[in-house]
């Protein structure tokens, strides 16, 4: 028998800790945190940004995202697929809403002087997150540097420098 | 060619006017307000509540809803389908999240002393809203009072009194 | 190994007992009664109506309904979603077919002198039924009468009178 | 603006003319006959059977079917897919319900002494019908008899005899 | 924890044994052979054809097929649904691609002098195969010859001759 | 009226030109090249690899991929989503099949001495391709190097060096 607690999550008012390399923190509320979402096709996250913090380029393999700025100003962007690879950007302020279509690479950057906060909803109870830098240069085990050198058209040493960060 | 503005909506920081009979206001951001949502299966709304305001019992015929309290305290509830018709309720505070499964009757009530604010995401770009009272007693034209008298097991005069409010 | 009985249900020729407050009875054949329907996205019900009986306003949270009149005459109707709340009605006779789109509030009323019978198919093996009156005024526990008084814009005493019927 | 007539079809009480080679007639109510079904994922048909009439082996490429016997007695069956090709059959009487899963070959035969009638619902507004005999031996133009002779492991003359019937 | 082997299948370079009545062989790679396909909505098969071999008329109840000729020349065709039953055919050569829409009856025939090979992808991890001849004349148990005689408009003896082959 | 040519594409036997920076070439057969695929949820591509050529890390925002090696030997891999970012790899030989789940970053590399060829099917008629390097470092206009420097935790000069290649 379902209970109210199956449909409830607490704590999204708490600022995430942005003391990290990218200056942002995502607090997820997906089916892993809120079991009542199972089969219902939606979830939500809070994102905190330190001044100049970024939410680095990433994709959600199974969801579209709709983001609302609660506090601060964000530069947001996504890149269309091949062959255009067109960058679509917008500076958002408090109360602005922006859509990142399913599977496309997107990012946000705090362009204000203070902390910024956003709420983003995703069209899956289990959207998944693929942070491009971690996936490509920080996988476990690492992708062979020969492959990445050719993909990014740089020296292997540059790839290995990038890999050493993750 | 798509433009950034196709994916952008502005104004969700503005409090909705709650000077009405129920003391609440929904500001929607669906495909009607944000064309870039087309086919993407998600949308978002802001809800403002005056002290003691309610978002009256309603359903979304095509979407599950996940609601986050931004300010204040809300009593929220939904009723399960036949034959149980069990009422599931929870008092939510700032930062609490709650799920209303697709098609079920649900409501919110401000139980704090001040205005309350929520953001709710819906799993459709065109979720629809059916406010029970307006649909049942305020349709155009009205549903025959004989039918409603039998459905609600009251006198026709009681039904007509209810209908006169809408 | 599947057997013929997994795909078979018997008894839809038996008239439902309409000796109840609304003068109608629904006999369902969903995945609960017919396990072979699992994952197949369809189900069926028989509805019996006493003279002047009604199938009171209700919704199916997960299905569209297509109804066929086998015997008698029915007034049928559904109400469109906000903001129109337009009532669409039709008097149906034997052999008439009518569609109730997913999630919308709809009803039927026997407008003939004799019993009426309908067969209705639903686009889910588990469509769910939400009878508006029972859900709103007869949930367990009840919805606070303050909330319903505000939603229906009547005195609390009127709400309590309505609640006392369920 | 939608009208009641967009959701209405009339005439399913009229017996189909079964004076044909197979002794049955299907009267469809799909999106072609009832435009309001568009996108709603359901449709309905009436089937009439002369005594000893059959609804010959066929498939619906885009729908599961749930059939209810209104009058008479039917032998119904479907065949599971490769490699079992198991025939699942049942004799149905008035009020019996049977399911034919999406895409499987199925048939009905009147095994009573009088006319039989069934109502069948399908899980698509445009289910399609592929009558095996007509498709395989009566296509326009015909499938090369060499191909069919090999498929059915008979002489070309037998195939040509079969083709001559359609 | 998923392993590489969950996503891997080996052996599609091996020619299937076409020493059978129809002179063709299908080697499937569906979820039954490759568990990692589960829920992912795709599968693949290799088809080998002896000279003059055929892949006899069949349907996939849950998938569209896209076929690519790797070696040889094939006559391919499908038949549209009722009432047209139109045969659409094409002679394909190495490197040609052809689509068979979901649920429609289709076939291939080697029209070259040598063995032919095709790779076909299907839009389900569990597409199913219904070989018309085996299903209709070779089910277990058999469909009553009276039914098939009427469906194919031939003598029962012709039906029984057809059934004796399977 | 549909014609055979609507369902037909020619030319997949022709080797793609791999004289480019990555030593590979994808020849797509999606709805853009083959209109008959519309709404059918599948497509196919040929991939050619020069010796040591790679198909660089990329995702398909709307499709799972199933790849079959026709000639040569390929190292293939994909990376799971956050937080594991686990690299799953396999060396494939002629006749081997491998699955890349929807939206995950994946790649192939020719590890043989000669040209390699693969056929890959995708679970959408319009799967989309996002080549990570081009999207992140070669979009038009470019993503601000400050953002990428922080995302990849390198100097802006390293980012600008990477961007200068595209």
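Going in written order, the chains are labelled A, B, C, D, E and F, and every chain counts its residues from 1.
In this section, contacts are C-beta pairs under 8 Å (C-beta built on N, C-alpha and C of every residue); 3 or more make two chains touch, one makes a residue touch a chain.
Chain-to-protein mapping (UniProt): A, B, C, D, E, F = Germin-like protein.
Because the structure is a prediction, the values reported are computed rather than measured.
Participant: Determine the set of chains touching chain A that also touch chain E.
Facilitator: F
Participant: Need the graph distance between chain B and chain E over the touch network, please.
Facilitator: Minimal hop count between chain B and chain E: 3.
Participant: Considering only chains that satisfy the touch condition with chain C, which of them also satisfy it with chain E?
Facilitator: D
Participant: Would the interface of chain B with chain C count as same or different, where same needs over half of all numbers used to appear in both copies?
Facilitator: same
Participant: Could you work out how far chain A has to rotate to sit on chain B, using CA atoms and steps of 5 degrees?
Facilitator: 180
Participant: Rounded to a whole Å, what is the gap between the Cα centroids of chain D and chain E?
Facilitator: 22
Participant: Taking each chain's centre as the mean position of its Cα atoms, how many Å separate chain B from chain D?
Facilitator: Averaging C-alpha atoms per chain gives centres 44 Å apart.
Participant: Could you say which residues in chain D touch two or more other chains, in rising order?
Facilitator: Residues 101-102.
Participant: So with touch defined the way it is at the top, what topology do the chains form here? Options are line, ring, star, complete, other.
Facilitator: Shape = ring; chains linked end to end, path closes on itself.
Participant: So in the complex, the part of chain B that touches chain A is made up of which residues?
Facilitator: Against chain A, chain B makes touches at 2-5, 7-14, 29, 34, 36-37, 40-44, 64-66, 68-70, 80, 88-90, 92-102, 119, 121-123.
Participant: Name, in rising order, each residue of chain E that touches chain D in their complex.
Facilitator: Residue positions touching the partner: 21-23, 54, 56-57, 59-62, 75, 77, 79, 81-82, 84-87, 101-105, 107, 109, 128-144, 146-148, 150-154, 158, 161-162, 165-166.
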